[in-house]
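Each structure below appears as structure tokens.
Two complexes, one shared chain (chain A), two partners (chain B, chain C).
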Partner chain A sequence: MKALVMALLLLLPAPGLAADPVYIADVPLEDPVAEARAKALMAELRCLTCQNQAILDSNAPQAQTMRVEVRERISAGEDPEEVRAWFVERYGDWVSFVPPARTDTALLWAAPFLFLLLGGVLLARRIRR
Partner chain B sequence: MKRLFWLLPLLGFAALLALMAGNLGKPTEAVIVSHMIGKPVPDFAFEGTAGAQGLSRVDLAAGGPPVLVNVFASWCLPCAVEAPQLQALADNGAIVHGIAVRDTAANVAGFLGKHGNPFTRIGMDVQGRMMLALGASGVPETYVIDGKGIIRFQHLGEIRADHVPILLAELEKAK
Partner chain C sequence: MIPELGHFALWLAAAAALLQSVAPTIGLWRDEEALSGLAVPAAVAQGLFTALAFAALTWAFVVSDFSVALVAANSHTMKPDMYLVTGVWANHEGSLLLWVLVMALAGAGVAVAPATLGPRFRARVLSVQGIVSLGFFAFLLFASNPFDRLIPAPTEGQGLNPLLQDLGLAVHPPLLYIGYVGLSVAFAFAVAGMLENVVGPAWAKATRPWVAGAWAMLTLGIALGSYWAYYELGWGGWWFWDPVENAALMPWLAATALLHSIAVVMKRDALRAWTLLLAVAAFSLSMMGTFIVRSGLLTSVHAFAVDPARGLFLMILMALYIGGALTIYAFAAGRVAEGRQFAAVSRESALVANNLLLTVILGVVLVGTMYPMALQAAGGAQISVGPPYFNMTIVPIVLVMAFLMGVAPLLGWRRSATGHLAARLLPAAVAAALAVVVALTLFGVRGIGALLGFGAAAWLAVASISILAKRGLTLNSAGMALAHLGVAVSILGATASGALQREALVAMRVGDAIQMGPWRAELMDVRPIAGPNWTAVEARLDVRRGGDSVAILRPQSRMFVAPAQETTESGRAGWWTGELYSVLGQPDGTGQWQVHLWFKPMVRLIWWGALLMAFGGLLALGGRVRALKPRRGVEMSGSPIPQAA
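So, the complex of A and B:
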């Protein structure tokens, strides 16, 4: 009887084991220079499922997939900017935390200098008075 | 008048504060539309599962009728919600292929047994790489892919009953 109960118990599915999604390992690149380049880029790529977090410090499965993609491309000799472009091609500028330097973003990049100039002019007028 | 002029920066600052306070607590869930629409499906080949044949780029670009490619997973709740709608699409003559993301054969079989199997082919994307290839930002997503393997339409999130005619129309448009 005991043996029969044990055998029946074995037939039950193990819920904890069966329900786990498959994760891929987060293995750093062997070359420390390449790993540093990959990590620098990961800090500037946006996680898609946990928005406003970089893929570098996100636990989301898709962020992990993105890290694998970054590492593979970097270790294959791709330039970090090429890898960034690959992601931007798929998800738009939004995926990168660094705004692109283009004519339509010129004001954004020039704004700090414009404000500095404005402050300087105001200060100069004040002193001269 | 001059005194009022000096109040301007303060007013500007107050306006900025009001804008920021107004946006506090507002969720900023941007919808990330794939930029791959109009482009060919990247190269891929996945093994099949649950008795279905696998899926590859070659199958999608073989010149057949446009198909729906549904990115799903057994661990994804909205995927279970949209299962009847996928079945309705299949019943209306749509060819529906599935890409199971970050999943196991046993779990996919269990999911299909529970929620029905509308899929003609199923590709097992164990690493979830196809999501990046398609520009997908979550699960589920459904793509209309024409006979030449060009991505024509993307549906984000689960398919609800009112989305079925839209997807059927997009399939017709992709012919």
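So, the complex of A and C:
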């Protein structure tokens, strides 16, 4: 439901420049390895006020704040997966572009294999006949 | 007055569609040729009247007649002239009118083209097309009338979404629609083929040009959409696995599979039932794509004209057509035998493997796109299925397909020898190995996916070129080889631009410079500029390499007047080796500007590859015409290897 409300809100015209009082600049981390890990994670976290964008790609203020959060946590030595877990706990599964591996997503993750299996069986029957 | 004429023309076109669907149905049933023959003039009339309606709407946009509600809501007098015209289809009603226009013109095309399968079959095809158009006319006239008046007329319109004021996106919908509608013709041929029980090589030969043309246009349309997202959305990405992108990708995947399976029907009279099912699926997915884009059911970066109520109408329409076609299929499938047999190692089985893998990709895209919605509707959690999922599942399949695409064209029909394969594929294997070694040593690529990507691109490119280099090429196999080469080129572009990309993100003052690999970019100045309906801040970045100025990048942050909206315009400069891409961010208040700079190696190859694919598809329209020096033995064409019986 939250997603639906969000989606409906997003259909309204963009508010423009008005609401953007403090702009925090993107400051890459000093350590290139840590920065690369932070970037990789940012590409997989969803900007919650945008239409289907990763926070890495978004100009929205909230995405900006989330990027700062990711960089701070990564530079403090947290593992990217720990950071992701923190975001998921805070904003729900929706925030991560990687769907969770649980029973309710089993079908999603099994889909490629099921399709391959089904096709393979049909194909084998077709050729053997 | 003119909008009313347009509205009237639309009703006349709908009446013509009604005649086109009913007259042949009764005529064929009662065996009255005079009645079934009415389908031809009805289809031509439908085309003419729809064109008139479209012209009337275009006129309303060009003269900015704001008493037409659609124009008032989507246009503005300050908009550049070109976008006055393209604005006609940059909204829901107008784009649907464009859809029926293309559909009506395709119907008229079928009506006037030579009826290779006889007048009876043509009448049946036209009646199916008439029924399909009728639904869309009903949708237009009852639920989305583009000619609705707005009284009193406002003095100014509300303007067009600035993101859509772009040449790429102006051409993108017509291309996609031509593709979708081409698939609707294939759908009509499939349904008519089942009803008339004529599915076989001659049927496949008559249907295939429509599929090839539709496929080429879809390829171009999707590539253009991707290119637009790349330069206009300003994130430097080119494919986001966004629901709307997936909605266009799914019919393309089905059409790709159909294009290959219909070749099997044409050459070997096998896979008939499967091909029919694909033809039904391809158009069903096109309708579903339009439905997804228009209904706003899924959040997307590309959703521009959204209305849930209309979604319901489209869904009912879709259910009727898909349900109807599948019912006919269920009855006909028993009659339409699968056709001739083939061995495990044969061109047919390679094409079946291609179809299988394409269908798996299609299934994964469908499940991935719909799963979050379904889960939520079932009261479950809200999840996101994004790029990581799709890349993880689909990239490996694409790599396997690239391997098979190198081998399949060398296999013979029915039962293939394998002795010649090693020698014929040696150059491709050497090229693949070389590509991997070069990527590993010279460029320091370490990711296994990227290495396989380079290898696959080289393998497929060399294998495809070796087909082109052979004598006795038909247009058909030249088209196939070019399209496969295009896939290789796109894979190379996608792999290189991802794996070898360089990136810098800095806050700079005017006069500052950054070093990114061999490039040094200096911020020369940041100044305001004005366009016809926007103002912008434009930065000038002087990029030098080894002391020589190689490019001036001009990224902008644009503020449109009507509607008031901000967009970023990337500043780009490119060579065949790659492209410098820059985005101007916000100022921090102390005179510093956020500047984002990338070098994306070979990124343009992604779209050049798609162009090659589309060109190959159009060449294949030519069929079995000889392209180069003729060679003896007609039965050899398209099958480079003599069949080992």
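Heads up, the rule we're going with is that the second predicted complex is superposed on the first by the 109 of 129 C-alpha atoms of A that agree within 3 Å, B and C clash if a C-alpha of one lies under 4 Å from a C-alpha of the other, contacts with A are read in each partner's own complex, and residues count from 1 in each chain.
Everything below uses one rule, namely that a residue touches a chain if its C-beta (ideal position, glycine included) is under 8 Å from a C-beta of that chain, and two chains touch if they have at least 3 such contacts.
None of the values given here were measured: they were computed from a predicted structure.
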Chain C versus chain B, contacts on chain A by residue: C
First (chain B), second (chain C), both or neither touched by A:111: second
First (chain B), second (chain C), both or neither touched by A:89: first
First (chain B), second (chain C), both or neither touched by A:125: neither
Chain B versus chain C as contact partner of A:66, first or second or both or neither: first
Which of chain B and chain C A:48 touches, first, second, both or neither: first
Chain B and chain C contact sites that coincide on chain A, given as residue numbers: 23, 51-52, 92, 94-95
Residues of chain A that touch chain B when the two form their complex: 18-19, 21-24, 48-49, 51-52, 61-62, 65-66, 68-69, 87-92, 94-95
In the complex, chain A residues that touch chain C: 2-3, 6-7, 10-11, 13-14, 16-17, 20, 23, 25-28, 43-44, 46, 50-54, 56-57, 59, 92-100, 104-105, 107-108, 111-112, 115-116, 119-120, 123, 126-127, 129
Residue ranges of chain C in contact with chain A within the complex: 233, 235, 237, 240, 242-243, 296, 299-301, 303, 306, 338, 341-344, 349, 352-353, 356, 359-360, 363-364, 367-368, 371-372, 375-376, 380-389, 393, 397, 505-507, 559, 563-566, 568, 585-589, 592, 594
Contacting residues of chain B [partner chain A, same complex]: 28-30, 32-36, 73, 75, 102-104, 106-107, 110, 126-129, 131-135, 137-138
